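Questions regarding the structure given below will be posed in turn.
As written, the chain order gives the labels A, B, C and D, with residue 1 at the start of each chain.
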Amino acid sequence: MSATTTSEAKGFQPRIVAFVCNWCTYTGADLAGTSRLQMASIVRIIRLPCTGRIDPLFIIKAFERGADGVIVSGCHPADCHYTAGNYHARRRFAVAREIFDFMGIDPRRITFSWVSASEGGKWAEVVNDTTARVRELGPFTAYREMAARTA
Amino acid sequence: MNLYQPFLMRVDEIIDETVDTRTLKLSFQDPKVAEKFEFKAGQFGEYSVFGAGECTFCIASAPTRKGYIECSFKLVGRVTKAMRDLNVGDTMGFRGPYGNSFPLEQMYGKSLVFIAGGIGLAPVRCVIWNALDLRDKFKDVTIIYGARSVGDLVYKRELEEWSKRADVKLWQTVDPGGETKDWKGQIGFVPTIVEKAAPAAKDCYAVICGPPVMIKFTMPVLEKLGFGKDQIYTTLENRMKCGIGKCGRCNCGPVYVCKDGPVFTAREIAALPNDF
Amino acid sequence: MKALQELARKLLEDKTVSVVIGYEEGPHGVRPAFITKPDQADRLIFDPRCVHNLATFLSPRRSHLVTLGKKAVVVKGCDARAVAGLVRETQIKREDVVVIGVRCGGVTGDPMGDGKLTEKNVAPRCAVCDVREPKLADHLVGELPPAPPTPKGPDMVAKLDAMTPEERWAFWQKELERCVRCHACREVCPMCFCERCIADKSMPQWIESSAHPRANLSWQMTRVLHMAGRCVGCGECVRACPANIPLGLILKKVAAVVEERYGYRVSDDPSVPAPIGTYRLDDKQEFIL
Amino acid sequence: MSAKTLTQADLTSLVSDILAADKRVVAPSLVGIGPLEHIEYRPLHKAEDMVLDRGLPKRSIKEMFFPPTEVVFRWKQKKSDVAIDEIPTTFQQTVVIGALPCDAAAPGIVDRVMNWDYRDELWNGRREATTIVAMACDGGDKSCFCTAVGLGPESSKGADLLLTPVKAGYHVDVLTPKGEELVSKYSKRFGEAKSADEAKKYQEAARKKVEGNLSFDAPKMRAWLEGNFENEYWRTIALRCHGCGTCATMCPTCHCFDIVDENEGVLAGERRRNWDTCQTGKFTLHGSGHNPRHDQNARFRQRVTHKFAIYPGKFGEILCTGCGRCQRQCPGGMDLLEILGDIARMAGGAA
C-alpha cells in the first residue's frame, strides 16, 4: 500500500455505492480489477441489467442506508445491449439530478458516467474522481441524521 | 410492555401442507408465558416476523394440546413470504389470544358436523381436535372437507388419521377435475356433499369455514336440512391489524370482528350488513 | 353559463353521454357536479371559484365513476392538458369522453370564497396561463373573460435556486417534516393513475409507509420524478395537502427542467409524446463523465 | 368549579413559565410559507409563537395524543434470537393551550375505543400527561356544526380550563382537578374573575352563530343509518370523493391505524403504528383480493355510519365534534353537513 492511501485510510473513508449495467461498466470494472489498476477500494458495486433499470429511487435508498456518494454508470450511447435503455436513463437522470439538487442534495455526490467493457482505465478514473470529490465534501451527515430521526 | 408488543416464539417444526400452504409449530420462548398461556377454540392471534410485519391467523392447534400453538398460512404477501423463509429454531412474534370462541361447552352431548373448504380447515381443525380430545362429551362427529384439487387438501396426515377412526365420519371431496387417478374420496362441491353427508339436524351443531362462496351456498343447504340459524357457527376473516378493537379495520356494521367475533352464528351473520 | 347548460342538456337528451361532469353551487361554495338527467343541467355553472381539475374524475382507477358510463367533462384550458395526458398515456380513449371547454379568466384557490379574483387569491397556475381557450375541446363555450390579475410576491423557485444546497436542504426538511403520508396528493392527482402505486408496494418495499423524515423525502421525491413531463400544474395536490406542503414548488421546478432540457411544455395535444419515455440521440449529457 | 381572569400578557407569561418548568406547551402557531402559511397545533419554542386569533387550526389536536407515526417497540436480531426494546408509556408533561372546544372534546370521545377491555397505554399515557386549556370559539364559519352533535362553541367538554375572550383578556373557567392544579401552581398569573357576564354574552353570541348551520335528532339519525345500509341514497353518495382521506387526516376523532414494520439496516428495526383511513381501497383489501368495500360509495357510507351509528351504538357517543374540517378542506367538495341534513330529512328528524 502506498504512503498516500495509508494516510487516507486514517481519515474519512467515504461510502460509495455504484449502480452499474451488466454489459459495459460491470465488465469494465472487472477489467480494471484484473488489470490491477490503482483505485480506491471503497466502492460497493451493484450490478443491474441496464442503466434503464436504475431508478433514481435507488440513489435515494443508497443515501438512506448511509452512502456518502453514488456512481451510476452504463454503456456509451449507441452501445446499449437493449438498444435504448441508456438513452431513456439519460433523460431520467438529467431530471433527477436537478431535482436532487433542488431538494438540497449536493449533485457533486452523484457521478454519472459511460464506461465501456474495454475502459478499465476510465472506470478507475471515475472511482478515484468520485472518491476524491466525496472525500472533500465530507460524510453525508445531513442525510444520515435525517434518516435516523424517527418521528 | 404495551399492547402491541408480541411474545417471542420459537419455530419448533415446519410442516408443508400444499405447495403454497405451510404449518408452523411454535412454542413460547419465555417459560413463564408458556405456563400461563391459555386459549379457546376459535380464537386468533397476530403473528409477526420481525422486519416484515404482522398478520392475523387463527390458532390452528387445539387448546387441549398444551405447550405449543400452530399456525397454518398460505403464501400471499410480504409477511407470509417472510414466514416461509423461517427455519426451525428461528424467532417469531405472537400477540393473542384474541376474539371470542366456539361455545364447546354448549355443544356437549350433541352431534357435531364440521364443514370446511381449502385452508378454511385451519380454524375448524382447532375445534375438531378439541372435540376429539373430549370425544366422550359428544355424540356423532362428521367432518366434510373439500378443496379445489387433491394437491390443495391441507392436513393430509390428519385427514388420514381421522379417516381411520371409527368414531369420526370423514367425507373428503375435490372439485370436478381436481381429482387424481387414485382419488378415493368424493368429487363435487362442498354444498352438494353436505346435502348427502350431513347428519340429522336434531341435536347437532355445524361449524363451517371456507371461502365466502362456499359458505354462501352451504348455508341454504344446511337450512334445508333443518339446521336452525343458532345451530350453525362460522368464523369471519375480515382484514385486521390490531386484533383488539382499536384500529377500526375489521369493523362491520355494529361489530368489530376482532373483539365481538370472529365466531358468529348464522343468525348473527344474517343480521350484519353486507360489508365483509 | 346558459350555453353550457344547453349543451349539457342536449348531450344528455340525445344520449351522447350518460353523465356530464361540471361545476355546481353547493351549500358551501362551488363543487364538482355529476349531471345525469337533462333537467338537472341548469345546475351547471362556471365562475372563478371553479378551481377543481375535473379531468381527475376520468381516471379509470375511480371504479365508482367508471360504472356511470360515457362522460362529458367541463375543462378549463389547464385541465384539458390532464385529459390529453390521460389519452397520451393510454388511460382513456379520446373518443370515450366528450370534452366541453370553457373560456377561462383565471380561478381563485378557494372554491368557498366570494369568487372575486385578486392578486392575492388568484391560483398560482393562472399567472403563467397560455391556454385560456382549451384547444382539445369538442365544444367550446362562454365568452373569453379578461385576463386574470398577476399574483405578486417573490418567485419562490428562483429564491430556492439561489440558495446553497445546505439552505435548500434545511428548507425542505422543515416543510416535509409536516407530511403525514396520507397520500392525498396522489389520490387527487389526475396524472397519478397507476393501478398500484410504488408507495403501496411491500415486496420489496421501496418507500416506507411511515411519516418520518426519510420516508417523507423519499416519497415526495419519487412522486415528483414520476410527475416529470406529466404534471399539468393544476395544483390539486397542493389544495388537498392537509399539511400545506409547497408541493407546487418542486413540480414547477421539474416542469422548468423538462422544458429547458427537452423543450417540452405540458401540452393539451395528446399526440405530442411525453418527454420522459422518449429520447433524442443528441440529448444533452453534459453531466455524464 | 371556580373562575379566574387572565390578561393577554399574563397568558404569555404563563406559557413562558410552563416552558421554563421543562414542560411541553402545545398551541396554535404559524407554519408554512407564503400563501400556504397556516396555523397548526405545534409544540412551542417560545410563548410569542402562540397564535390564538386565527380560528381553527388546519389539523386537529388528535396528533398530540396519537401521532401520525409512532414506534411501538424496537427489535434487534442476533442469529435466531430477537431482543425487544420496549417503548416507555410515560410522556412529557404537556399543556395544550387554545384548543377550540371541538378539538378539546375529541380525545374524551376517542378514549372509549382506546379503553374498551384492552387499554391502549400509548394513548392513555399521553392523555394523562396532558392538561387541556380550551378556548371558547367565536362561532366559526358556515362549515361549523358543533351544536348539532351536542357540543357548542362554548362547550367545556374535555377541557381542564376554558378561556373565553373578554376585553381584559380571558375569563377562565376552572373545570377539573387538573385545571385547579395548573391554576394554583401558577396562581400569580391568574387574577380574580371579573368578567363572567361578558364571557357569557360572548358565548351566547357564538352559539347563535353556529346553531343555524345544522341540527338533527341523533337517535333518529342513528336508527335510520342502522336500518338503511342498502339504501339507494348510498349508491351515488361519493361521486365527487377522491378517496384521498383528507377528511380523516383532519378529523379530531378519526383514529384508525395501520401497524407496519420498518428495518434499520438488516438486523434491527421497529414496529410502528401509522394513521390510516377507511377512505382508501387498501384499508379492507384481503390477501385473497376480495374487498368488502369495493368502491368509494361503500367507503364513504362506512365513514358516516361509523361516526353516527356504530360508534354511538357501541360506545355511547357520536364520533364527531362538528368541527367542519372534512367539509371545509375536502378537495372534491364532499359535504358532510349536506349529507347529515339529507339523512335527517329521510329519518324524519330534521329540526
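Simple rule for what comes next: a residue touches a chain if its C-beta (ideal position, glycine included) is under 8 Å from a C-beta of that chain, and two chains touch if they have at least 3 such contacts.
Everything numeric in this text was worked out from a predicted model, so none of it was measured.
Engineer: Using each chain's Cα centroid, which is most distant from the centroid of chain C?
Structural biologist: B
Engineer: Measuring centre to centre with CA averages, how many angstrom lie between chain A and chain C?
Structural biologist: That pair's centroid distance is 35 Å.
Engineer: In angstrom, rounded to a whole number, how far apart do the mean CA points of chain B and chain D lie?
Structural biologist: Their C-alpha centroids are separated by 39 Å.
Engineer: With chain centres taken as the means of their Cα atoms, state the distance from chain A to chain D in Å.
Structural biologist: Centre-to-centre distance between chain A and chain D: 47 Å.
Engineer: Between chain C and chain D, what distance separates the C-alpha centroids? Give it in angstrom.
Structural biologist: 31
Engineer: Going by the contact rule already set, what residues in chain D reach two or more other chains?
Structural biologist: 69, 258, 260
Engineer: Multi-chain contacts in chain C: which residues touch at least two other chains?
Structural biologist: Residues 212 of chain C touch two or more partner chains.
Engineer: Which residue numbers or ranges of chain A touch two or more of the other chains?
Structural biologist: Those would be 150-151.
Engineer: Tell me, which pairs of chains are in touch?
Structural biologist: Going through each pair of chains, those in contact are A-C, A-D, B-C, B-D, C-D.
Engineer: State the interface residues of chain B toward chain C in the complex, per the touch definition above.
Structural biologist: 53, 77-78, 81
Engineer: Quick check: in the complex, which residue numbers of chain A touch chain C?
Structural biologist: Listed in rising order, the residues of chain A that touch chain C are 56-57, 60-61, 64, 77-78, 84, 87-88, 90-107, 111-114, 122, 126, 129, 142, 146-147, 149-151.
Engineer: Sort out for me which residues of chain C touch chain D in the complex.
Structural biologist: 26-34, 52, 56-57, 62-65, 68, 109, 111-112, 120, 124, 153-154, 156, 175, 178, 180-184, 187-188, 200, 208-212, 236, 238-240, 242-246
Engineer: If we count contacts the way the header does, which residues on chain C are in touch with chain B in the complex?
Structural biologist: Residues 202-203, 205.
Engineer: Any idea which chain D residues touch chain B in the complex?
Structural biologist: 72-73, 75, 77, 80-82, 84, 86-87, 89, 113-114, 116-122, 226, 229-230, 255-261, 263, 269, 271, 273, 276, 278, 283-288, 290, 292-293, 298, 302, 305-306, 310, 313-314
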